[in-house]
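Letters A, B, C and D mark the chains as written, and numbering starts fresh at 1 in each.
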């Protein structure tokens, strides 16, 4: 809404449910979307982006849109590769990235990566309730804002920007969450530090994968090198309903797992391991899954929690 | 965004800063606005609306927009009169009402009044932090939604409606505020009741006016019969800076008064008397104003608090 | 319990309900109490203490007990005068002081005053819920602890002392209140400072007396120079029930005033003005009293709040 | 203090650190204590109580004192057996029981068991911060209160009783905790029910013992039939310092285990499994212990968590 114009074309790489929500959101706004289709089980293949941009000699594609960490699948994509693909194709498209489930948990640097528009939210790695959204924009994105003709008011950068520079808002903001944000940033930046936070998420993701591998279950993400550090999606075997498992675990162990989304509806469940979360939270979480598996009819090998604990104990500083 | 089309014309009655923000918001969206100008010191004159609609035999005006309780001026308008003006002009325009600073504090019934779109928010009479907005729509407004062609996604009714009917949201809602809302509604509807709440606000507004009248100051609202029950704006005499007075009161008494807005910037201050507020909160508030007046160079008669207490004690059940 | 022995004699100066509770508490423990009787309306007269100690050449009196700020009457006594009376009588008695409603609100320095045992609590000037008690003991009091033969366990200093020096407790302490205490002390000592806190309480007490004097009511404390800075007790005239007035104010204005205690039961009410409390809290409080007086049959002159505001505005920095 | 007299004799059964604290507490108060010594690893043997009382034909023993659930050892004793021992010995001694770590978590009925004095506290099964104590007294205990001559005031039943019957206190109570207690009782009695709460604790204790047994570690409690449902104490093998293990687990996994007390100082650690605690909390807790064991030099068999999960999943309703 803030950089493009009605009728513009953008390129969205299909990584999962949220890339596709981005597509439908854009189409609702009258933007044409070229979607690079995928099986939702692999990260962005930058060469496909490069290939398409290379052919678009007239620069009809105005933006390349990528979800950094696909919350629906637990697959993380290499944003520097996407940036390189655009640069090497000598293309003008803006690079836009959704960092909602990675911001503050998985290394990501808007400026260094040369991203044009990054968006984030309060309710994941920032450990707050939902209610705040964040946008970072490059100089180039701000220049394009001046020529963007979408009818807009509430979300418009040109209204927001002059206020923000003075620490104000053009309308009543969610004040309570701003106080919470102040505390969250103090914890992340001053008390713990970003690097240790990133490492903690990485350890927890590895431990989770140890459990899943031991259980003999299949991760939705087929390329472990690109598996997310903040959540892991797991397929239930055969025709077993993932939602029945989730319901069972919620009823018996008071733990809410994420549902499979879109094409994995009822076929996968998602384990979140981000935010205010430590080794014992993870152990409790994985124990809930393992006990749920026992109580269901899903064939699996017990001992996944054991394997995760072995990894965790073996990898501590 | 949800009922009109780009290029449509709407009629906004100028009641103050927030009616005019509505105008600029609409214009940003590409809607033509016909503004019925006023001095900001009187309520809506429905006959002017009737007159304009009567002349618009082609039904070019698609909506009539009115702020119920102008937060910038403390003037409340008669919505039933506006509705009658539309009906008697036999005009098709939708009636849209901003109830942000009256909802739950001043009597207002979307259905009985025959309003088409009402909007409200969490941070005033509902006693919550900012972060929730409310929309009520008539059957007719919902029908017009189907033909409305604005590019929209986040705010779009057609995305929201099917989810809301099942108690869900199409995206992550501000969950904490929903829990707060549950409590606020329990207090308002079950424990206190709306009628006693409306009466409490009326008594506090009357007591505030007793103080102002005694001080010899002038209310921004020139028609006492239409003075707001939730806030009262007061003019500072001559060239005295209202913001200096506000700053003084904030520093000396730790009380934040509302600033004069728009054409009354630095010429008026606003006293809020709504939400979780009782007789002694009001007494403390008015005492802060009276002591601030004493410490400033503003000519006034002391004793306004005394007059307010006399009224409050004399009007209690 | 920690410094004396069963059958010992102590001298308690009757200042009001709480000095007399001290007496009955001591008598329950098997201590003989010599009470210097008074009318509850004046502070300690140190010459009477001096006179009694002077005659006690055998040092039979083991302690002199004084309430610094009598919470039941709003009379504050001069502890340095009491100390001088003991010293000049060349008497061995310990000096014990109850600072429950003055600690942190009215200047008091255990060490400089040469007090032997001071006691305080969390729920007044320290702005916390009830649940913590504090004891400060002089070197001499600690030595007497060694020869004190009372059966004691929970309250015994000899159990508490070695733990406290390491920051521990001999039993499970009220942990939540200790966190609260940390914050309260940060506010009092670091953010505001004790001197400004003492001055604030003094201003509020003076303003309260302006109101009472204007109302034509009589303070329980007959010597204004010794009136408390943290609470003010007021007599109702004639046979008017103070408790009826308190009930009325509680019902109509949701404000709870202190009850008259002991010999002033139903004849006085008490206004607290301590803790987390500012000018506008006081204005609201006095407004509640003034409106209550109006609604009762008590003869009084209206305008006390007005007088208090005049004083407050005139005395601000 | 409330039922006995100075110089009286009582019989305390040594169950562990807290029975012995009771002894030293009583001796500080001037009561003679006959202690039935034990190795701290077994529950009360009622026949030994019966034997002693039988010989005490003059009824010199005024009370039999037993800790229901020894917090220092995790051994629970059969109170009905103790009661029977007293009754069958036709002895007059009062029965006094410490229920601090069992109240609300392990079945205990003061009236049905015929106990004379039961004491409890807020900070265990009632899920509150520390700061409240509870006493239940039989009719006979109340009668003995009338002839008890201990010097007492703060804890004295005769001061407390008349107030409590009206819902008041003779002094300022810890009000915040009373609000908390109201909620805790609503949860325990109305929402969950006592029976399911007792069963939950039993399941968690059994699962904990599965883990310990699998690890090849030794429980402090040598009679599993009498192992506590709210906490489990575990011995470290050989000369391994239990406190080093506790420190390691606290540093690496941010989990605080109970220390070994008294004769088991540095030789045991204690796992609490009571209060607001579910299956996954237990899984996290046991995982912290197992990972701590791995990181220490303690010989053990891995897989205890696995065994606990097997038990938990197999025993769920």
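For this structure, a couple of remarks:
Following the convention adopted for this analysis, a contact is a pair of C-beta atoms (placed from the backbone, for glycine too) under 8 Å apart; a residue touches a chain by one contact, two chains touch by 3 or more.
Just so it is clear, the structure is predicted and the values come from calculations on it, not from any experiment.
Listing every chain that touches chain B and chain C alike gives an empty result.
Mean C-alpha positions place chain C and chain D at a centre distance of 39 Å. Annotation: 60 Å between the Cα-based centres of chain B and chain D.
Averaged C-alpha coordinates put the centre of chain A at 48 Å from the centre of chain D. The multi-chain contact residues of chain B, meaning those touching 2 or more other chains, do not exist; every residue touches at most one other chain. Viewed as a contact network, the protein chains form a single closed ring in which every chain touches exactly two others. Those residues of chain C that touch chain B in the shared complex are 252-255, 278-281, 283-285, 287-288, 290-291, 294-295, 302-303, 305-306, 309-310, 312-314, 316. Listing the residues of chain D that touch chain C in their complex gives 6, 25, 28-30, 121, 123, 129-131, 150-156, 172-177.
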